[in-house]
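A short worksheet on the structure shown next.
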């Protein structure tokens, strides 16, 4: 293989494909990091909410609802689901001594149920909605499907939108205030309880949105929630708990590491590499790349 | 030292004695009826109870949730399997499994104990995932198929010999091993070292000021938990005659955590009851519907939310009250005087 | 003797006193067949086909008078695709339900562990799904039978067809990185190279990979004519749709293992599955009266097409029926002798169990997906596909 071949066929596409995968990971990790950073809650059922979003898109898509409309409809439909989860499961244990562990456990239980329920309702077989934007484009000799280009674009827009809401709006300020010091925020008139359930629902809605967007690429099946979860948690830790920019940088970085590493070593070892990065960060820089949201 | 922690531990011992009595009764009935399946199912439940015990050692006493304790269980099982295929000796297999799991726990502990709380949970989860993957891909260890052909051994106990193939006999051997592990764990926690652990769980920041090393206490606890898991795992291939990478998978670790939560965190004996309950329930519900995850998930969530101390944590105070008046004459100060630590704080 | 058989014996004695002979009670008592198969977890779709195939067979056998006049009942247990669970459930079926015969295991780890358990319980078992060669070669068991085609049979059929279709084809191999994936690729590679194919590269991706696009660069650079893959289930959905999205399907043809594209994932793969070819023991398109009746009955009952798992599971019960009737009892040793060398009819043609390794011999088909159907494009005789008997234990 000539050097030019290598560059054009292997290295450059690898970077671009890694970028597309990175955007997918960031989309899944975004909701997780928000719930993690603002509520200090480990949501082990995040993957299952992602799956619910994908199944929602599948079911409503089968009822001939336009994909573009689903992008809004499914996340909105998932907001009450998130609210309900927060009220029924998170709130009762929110003030327990070890909130991290307790919320982790309770959402782990929810994940078990959700996975089984999805199988019960939709059957065990793999399904896949049609790709909304077919075809592929060639840019500098690199072929990339149009839908992946779209994913990169809409991913950037979603991240920017979320960052705007959290950092630049009054609502975001209330959320950050509640995360930083709930008592102070409450005494300043922030409806802390509502903010908490709203934030959880927002994170769940984002998971659902990721499900809608990624369903055509990664297909839909009951255990799909487990797919991204270790990677998403790694991204959240490396990026810094609750840091939106951290999640973006870490998500893109880690998938690049994975993509490029798979060129030189057996791809099976890319998972341990990602995990090793997580361990290294936990040990040497536990606050992650960007530190904690609401505390920086 | 007789304080409420000792009292709680003794209440646990009463429940453990009940468990042993029940197990002996079940073994007698099973043997009389010539049963095989239920005795061997109970043996398996006890083996997984050992794994749950090790999770409770970590979660209930140093407050560290391990989502990857199956790693040490699996290391014990694989080591035991490898030894048994060369030399069919119970004691050699147990010793090798103990050594291997201790060594692995030393390495794992050095990594995992750099962090705490949820990070500890994620690190232990990740370590187990990666190691399970390595085993899954190692041809010498049977890769994804696991290893079959582990012989049915005879276990020499002084003048006696018990076959691992005898349902009642091996059940009693496993019962003995698991109760020994329980007793050793309980003893460890009742020593001054155990009190340091409890103190760490109550308030980690103050412990260094009392002159104790938090890191060392957590490390010892982690090693003990790894050893308990490894020794329990070593029994598995003797019962089933094979090992497979699934023993290290998250579901095995997760089931142990579920057992501990259902049974009662920080009670030790709760882990044993919880595990037996879970194995039996999975077997019963699993035959009845393939959607057993819904049933288990609901029970588990209900326990976390409504019964945070588990079933044993719920009934143990009653036993403590029954025991307390008799003990009041021995140490009247212990129940009323201000304590260094309240028993409530020892629980999550 | 177990508790349950004691009870059965006791019932027998009671019947003997009530009637004239114990044999009469024995004759009308149902024959129990245990099914340990994944009904939850990733392999659920396969377990579902196994269940359907067996239930249909049991229904038909019972409607036609049962096995040796005795009705057959199936007892299902969920093994969660976990050998530890499989062994526990299988022991329950052997000891408590006192089944005479066990089938249904899917992943080869479960099959091997259950084989050992069957030996220790002195019962018989058969797999209808696991295709790891080891089950009937180096890890063969006198108590385990396999009625489906193993990896070696599948790949020799496919390789023979490939040599005709594209002589000296340049092949790129892509497998999931675990024992089954690697050995399946190795088996096909050996067969293909024997008949002249050239290897242009190989890559093993982790099991459950999300994205295969990271390997597409290497594939493009290797410029293969054919991609061989041994991925399965959801992995196939992702691999094939991503190959299609990236425009690679137009230039290369994809072939693979029998489990790569099945009824479980074909609708999710959609158009990307078109043209995929594989060597397999079954296709719903087999043009025989037996198969047409089978497919019609299967569709009627379950509103779905049978795939190779459903068909092989359907067939196993008829093998057991034939063996029990030949042996005149359900005794393990007698039925084993009857099964060895047994020839019986299945929807996929006549099958014969080779006595030397308990592997079923059957005609192999090369099928290619055309408009969502598995069209048969080549057929290899049973003798040509089977390969040598490498089992040394019995």
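Note that the chains are named A, B and C in the order they appear, and that numbering of residues resets to 1 at the start of each chain.
FYI, a contact is a pair of C-beta atoms (placed from the backbone, for glycine too) under 8 Å apart; a residue touches a chain by one contact, two chains touch by 3 or more.
Just so it is clear, the model here is predicted, and its values are computed rather than measured.
S.K.: Fewest touch steps from subunit A to subunit B?
M.R.: Contact-graph shortest path, subunit A to subunit B, evaluates to 1.
S.K.: Measuring centre to centre with C-alpha atoms, which chain is farthest from subunit A?
M.R.: Farthest by centroid: C.
S.K.: When the centre of a chain is set as the mean of its C-alpha atoms, what distance in Å lies between subunit A and subunit C?
M.R.: Averaging C-alpha atoms per chain gives centres 38 Å apart.
S.K.: Return the distance between the CA-based centres of subunit B and subunit C, expressed in whole Å.
M.R.: A distance of 38 Å separates the two centres.
S.K.: Which subunit B residues reach two or more other chains?
M.R.: Residues 137, 291-293 of subunit B each touch two or more of the other chains.
S.K.: Going through subunit C residue by residue, note those that touch at least 2 other chains and give them in order.
M.R.: As it turns out, subunit C has residues touching two or more other chains at 40, 44, 177.
S.K.: Provide the list of subunit A residues touching at least two other chains, using ranges where the numbers run on.
M.R.: 116, 119, 268, 271
S.K.: What residues of subunit B sit close enough to touch subunit C in their complex?
M.R.: Touch residues, subunit B against subunit C: 33-38, 40-41, 44, 136-137, 139, 143-146, 148-149, 152, 165, 240-242, 244-247, 249, 251, 283, 286-287, 290-293.
S.K.: Within their complex, state which residues of subunit B touch subunit A.
M.R.: Subunit B residues touching subunit A: 59, 63, 65, 111, 114-115, 117-119, 121-123, 125-127, 129-130, 133, 137, 254, 257, 261, 291-294, 296-298, 300-301, 304-305, 308, 348.
S.K.: Touching subunit A in the complex: which residues of subunit C?
M.R.: Touch residues, subunit C against subunit A: 40-42, 44-45, 48, 177, 203-206, 208-211, 213-218, 220-221, 233-234, 237-238, 241-242, 245-247, 264-265, 267-270.
S.K.: Can you list the subunit C residues touching subunit B in their complex?
M.R.: Counting only subunit C, the residues touching subunit B are 1-3, 6, 39-40, 44, 77-78, 80, 82-85, 87-89, 91-92, 94-96, 107-109, 112-113, 115-117, 120, 132, 134, 139, 177-180.
S.K.: Which of the residues in subunit A come into contact with subunit C in the complex?
M.R.: So the residues of subunit A in touch with subunit C come to 1, 5-6, 9-14, 17-18, 20-21, 24, 116, 119, 124-128, 130-131, 136, 143-145, 147-148, 217-224, 227-228, 258-259, 262-263, 266-268, 270-271.
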